[in-house]
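Listed next: structures, encoded as structure tokens.
Same chain, two partners: subunit A is paired with subunit B first, then with subunit C.
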Partner chain A sequence: MTSTSPAFVPNPTIEINEVSKWFGQKVAVSNVSCSFGPGITGLLGPNGAGKTTLLRMMAGLSQPSRGNLTVLDTNPRRDVSVFQRIGLVPEDDAVYGFLTGRGFVEYGARLAGVKDPAAAAAHAITAVGMDEAAGRAIGGYSKGMRQRIKVAGALVNDPEVLFLDEPLNGADPVQRVRLIELFHQLAREGRTVVVSSHVLEEVEKMANRVIAMVDGRLAAAGDSAAIRAAFTDIPYRVRIDADEPRKLGSALLGRDVIRSVEVIDETLHVQTDDLGDLGRLLPSLAQSLDIRLTMVQPEDLSLESVFRYLVHGR
Partner chain B sequence: MTRFLAIVRVTVYQLIGRRRSIGLLLLAAVPGLILLLVGLNEADRETAEFFRTGLLWLVLGVTTPIIAIVLGSASMGDERAYKTISYLALRPIRRETIAAAKLTAAWLASFLVAGGGAVLAGVVFGVTTGSWEETLAIAAAAAITALGFTAVMQAAGYITDRAVIIGLAYLLIWEGIVTSAASQVATTSIWRMGVSAYAGITGEIADMEDLLSGVLPGAWGAMLKVLGLAAASVLALGYLMRDRDLVN
Partner chain C sequence: MSSEGAIFDLDYRRYEGERTGRSKIRWAMVRDGVRKVLGLRRRARRKVLPWGLIILAVLPAVAIVGFRVFTEGLGADELLEDLIPGHADYFQLTFQLTFLFIALSAPELLIPDRVSNVLTVYASRPLTLADYLVARVGALMLVVFAFTLLPQVIIYLGGAILSGQFVDHVTGNLDLLWKIPSGSVAVFATQAGIAFIISAFARRRGLAAGIYIGFTIISAGVAVALAENVNRWFAVINLQAHAIVLIGKIFNEPEISQDTALVEQHISPWVSLLVVIAIATAAAGLLYRRYRRLM
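What follows is the complex of A and B.
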């Protein structure tokens, strides 16, 4: 893979070079090369795809079996000083239940060597909207509250690089919106935010770039439209709402740009190899046939569709 | 508060705040209760003899090692088992500093529990016989024994979640059987380092030859040995944290 590949970004903060990780006979990550830079990047894949393993290697929790990676030009397994500039929200529901929320975040601040741990903790707790519950023991928190206090714990040292493993687990819809806005804010501030998730909707809302993994390998990279465009052998599906769908469908049949035409519940669905050509053809054809178009919408540009192609190949 | 002290404080809470502490506290109290029964039924001389033989073995050879094995294994084992290790390890702190802080905490927690039991036994002895000098000696011996076992078990707790079973097997087979049968290796016995310290402090050696198994009495020598174990433990755990994955 070359540096012009969508798997790589200019001015990267995280560089992964031919990294593999295996546990005994099981290969969890296989020969992955890519890079991450400022902004939010979604690490996407089904359960068991290797995204958590890759995230853990980036965060310094485990080391590659082969290959190398650097975070902020440092190997996190060799130089612990880089942890001053990194934050991690782990997937596991792992918290010190006997500590209060404030005590937990302050503990993290002290370990990170923050100058004023109490002030930094208060700031991080406010950022995740946990002020009221901060004095209570974490053991009594709901899952969503634990998730938010974990995020506060990761933010307390003001990290340049933030790793989030399934960060919205357990959060209710209001909390989700708030956390997503917080992550966007961090990205706008120029931080590198890597979000691992198997919930496509979440990734789509958060990330403007996606690294997709399937079976431990890097399957695709870029935004969802770019990844979709790479599937040249799979035609695009387009929904067309018109006042005379059958007439329009008949007119489209036989055109080079059209692979198939189908009318379902008075809605026209076509398959095409080239969205651009179809976009140019449709208005003139509709005008010549005196057909009114009310909606033209690609049906498989969403991350969900892209993901389905990646995992199932269809 | 320094990073070192912050880790010590949270770890002590982590170790003694769990339900297992109730069982360990009850275990630590057993020798004192037995001594109370002996003291109520025997003359002072027999009570003193029992204290320097059976009770010392019970405190330094059984209860303190078991408590230190459980808490020493848990100091890093809990972080891995409850998956909180990322909060501890992904920080700009030298691995050896983390290891030293965790060992200090495990030792303090073990001493709070096991040493409490030892002091209770010393107090019972003082009340029943009127002699109080044994109290300090048994507390110091328990502290030395606890440090030795926590040092050995800390790295084991990081490597395997069966560390307690392995530790108990080690206590039974090596410390209990092998070093009792072969006096050539008795100097490697951790609990006898505690006995050696006790004998060195009190100067009472006559009743304790069986327990010592040829190990020379001396508090300073015993202390140096366990400090050596502690240093080796810190270096070993520091190496393991760098060399092995922090999560499975």
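What follows is the complex of A and C.
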């Protein structure tokens, strides 16, 4: 894989070079090379794909079995001082139930070497909208509140690189929106944010770049549309709403750009190898046939579709 | 009133203050450990056992000083010197309290971090595994030292004040300044290693404390039985006896350990020293090995 591949970014903050990780006979991550830079990158994969293992290695929690990995030009397993510049929201609860939210975040600030832990904790708690509940014991928090206090704990040392493992678990819709906006803001400030999630819709809202893993290997990299475009052997599926779908379908069938036509519930679904050609053809054809088009929408540009192709091949 | 309005940014504001060094970070962990051991910032029932044991350990020292104040001038000083426990006796007197304190505290320091997955929090901070373990063990050592030293200091200063010749008393007993802390080290090193090892594997605090207490009591009984019936060297299995023997050696009062199987089997105090060093070293190695897999 070359450095011009979409798996690599210019000015990376995290560099992964031929990294593998195995546990006994089980290979969890196999020869992965990629890099991460400022902005939000989604780390995707089905259960067992190796994304949490890769995230843990990036966050310095686990040593690669082979290959090398640097964060901010430092191997986090060799120089722990780099952890002053890293934040991690682990998937596990990882909180003391008896501590108050504020106490937990302040303790995290002390452990990160923040000189004014109270002030830093106050900022981080406000950022996640937990001011009112910060004085209560975490043991009484809902799942979403625990998640937000963990995010505050990760932000309290003002990290340049932030690792988020399923960060929106349990958060209510309003808080999801707020947290996503917060992550966007952190990315705009030039931080590197790596989000591992199995909720594709959330990753799509958060990440402008995706690293997808399947069976421990790097399956795809780039934005979802670019990854979709790379599947040249799988035609695009397009939904077309028109007042005379069967007539339009018949006319489209004879065109080279069309692979197949289906009418389901009076809605036309076509498969094409070239969205651009179809986009140019449709208006003129509809006009010549006196058909009114009400909607034309690609059906498989979403991350979910891309992911389905990656995992299942179709 | 001004007609101008403003919208303020309520979003994330980054911390731009200074950062501390690793020594401060380690100290933050030690303080956290001390709080856990003493039940500080916890519910009242969490404080009952540690503080109850501390009060029980200190109370006799206060009573001794009070008794000496009460009996001063009665002309029975020599008789009282024999009756009132000295520093070595006091270690022996509070030994079982220290044992219980360690049995309860070591699990409190290690198990919740592991069971609640909080080790991830420590692993993602600028701390090494050694920092974590040293801070956890150091927290208990600090409290156990306070636990054992406080009553000794009360007796020491009480004796100095009551002697009427404070300076002479202090200068005449300067050796206590190393003997008392050495006694605390002997007590801690003998007992904490096993307690930490059990806590590194157990998932419940009560179970860990129970296993440690049971192991200590049973090993003491087994040591005596095997030493008397099989081979005298089995006496070294009685771990608690080593601390008593060492305290007797440190204070040059071997009589306090005369009832132990070690003395009865004529095993040298140097063997006790070796055993204690071996236990502490093995415990440190096992703890490191165990936590290297976890962090």
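Everything below uses one rule, namely that the second predicted complex is superposed on the first by the 314 of 314 C-alpha atoms of A that agree within 3 Å, B and C clash if a C-alpha of one lies under 4 Å from a C-alpha of the other, contacts with A are read in each partner's own complex, and residues count from 1 in each chain.
Criterion: a residue touches a chain if its C-beta (ideal position, glycine included) is under 8 Å from a C-beta of that chain, and two chains touch if they have at least 3 such contacts.
The shown structure was predicted, so the numbers you read here are calculated from the model rather than taken from an experiment.
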Given the superposition on subunit A, are subunit B and subunit C in a clash or a fit? clash
Return first, second, both or neither, reflecting whether A:Gly42 touches subunit B, subunit C, both chains, or no partner chain. neither
Between subunit B (first) and subunit C (second), which does A:Pro167 come into contact with in this model arrangement: first, second, both, or neither? neither
In the overlay, answer first, second, both or neither for which of subunit B and subunit C A:Gln63 touches. first
Considering only the touch criterion stated at the top, classify A:Thr126 as touching first (subunit B), second (subunit C), both, or neither. second
State whether subunit B or subunit C is in contact with more residues of subunit A in the superposed arrangement. C
Subunit B versus subunit C as contact partner of A:Leu186, first or second or both or neither: second
Could you say whether A:Val95 touches subunit B, subunit C, both of them, or neither, answering first, second, both or neither? both
Is A:Arg77 in contact with subunit B, with subunit C, with both, or with neither (first, second, both, neither)? first
Touching A:Val156 in the superposition: subunit B (first), subunit C (second), both, neither? second
Quick check for you: in the superposed arrangement, does A:Gly113 touch first (subunit B), second (subunit C), both or neither? both
Report which listed segment of subunit C has C-alpha atoms clashing with subunit B; options: 8-16, 62-70, 170-178 or 242-250. 242-250
Just which bits of subunit A does subunit B share with subunit C as contact spots? 59-61, 80-84, 86, 88, 90, 92-96, 98-99, 107-108, 110-113, 153
What does subunit C use to touch subunit A in their complex? 10-22, 24-25, 28-29, 32, 41-43, 112, 116-118, 120-128, 295
Residues of subunit A that touch subunit B when the two form their complex: 56, 59-63, 77, 80-84, 86, 88, 90, 92-96, 98-99, 107-108, 110-113, 153
For a test of understanding, state which residues of subunit B touch subunit A in their complex under the given definition. 1, 3, 6-7, 10, 13-14, 17, 82-95, 242, 245-247
Please give the residue numbers of subunit A that touch subunit C in the complex, ascending. 59-61, 80-84, 86-88, 90, 92-99, 103, 107-116, 119-120, 123-124, 126-127, 153, 155-158, 181-182, 185-186, 189
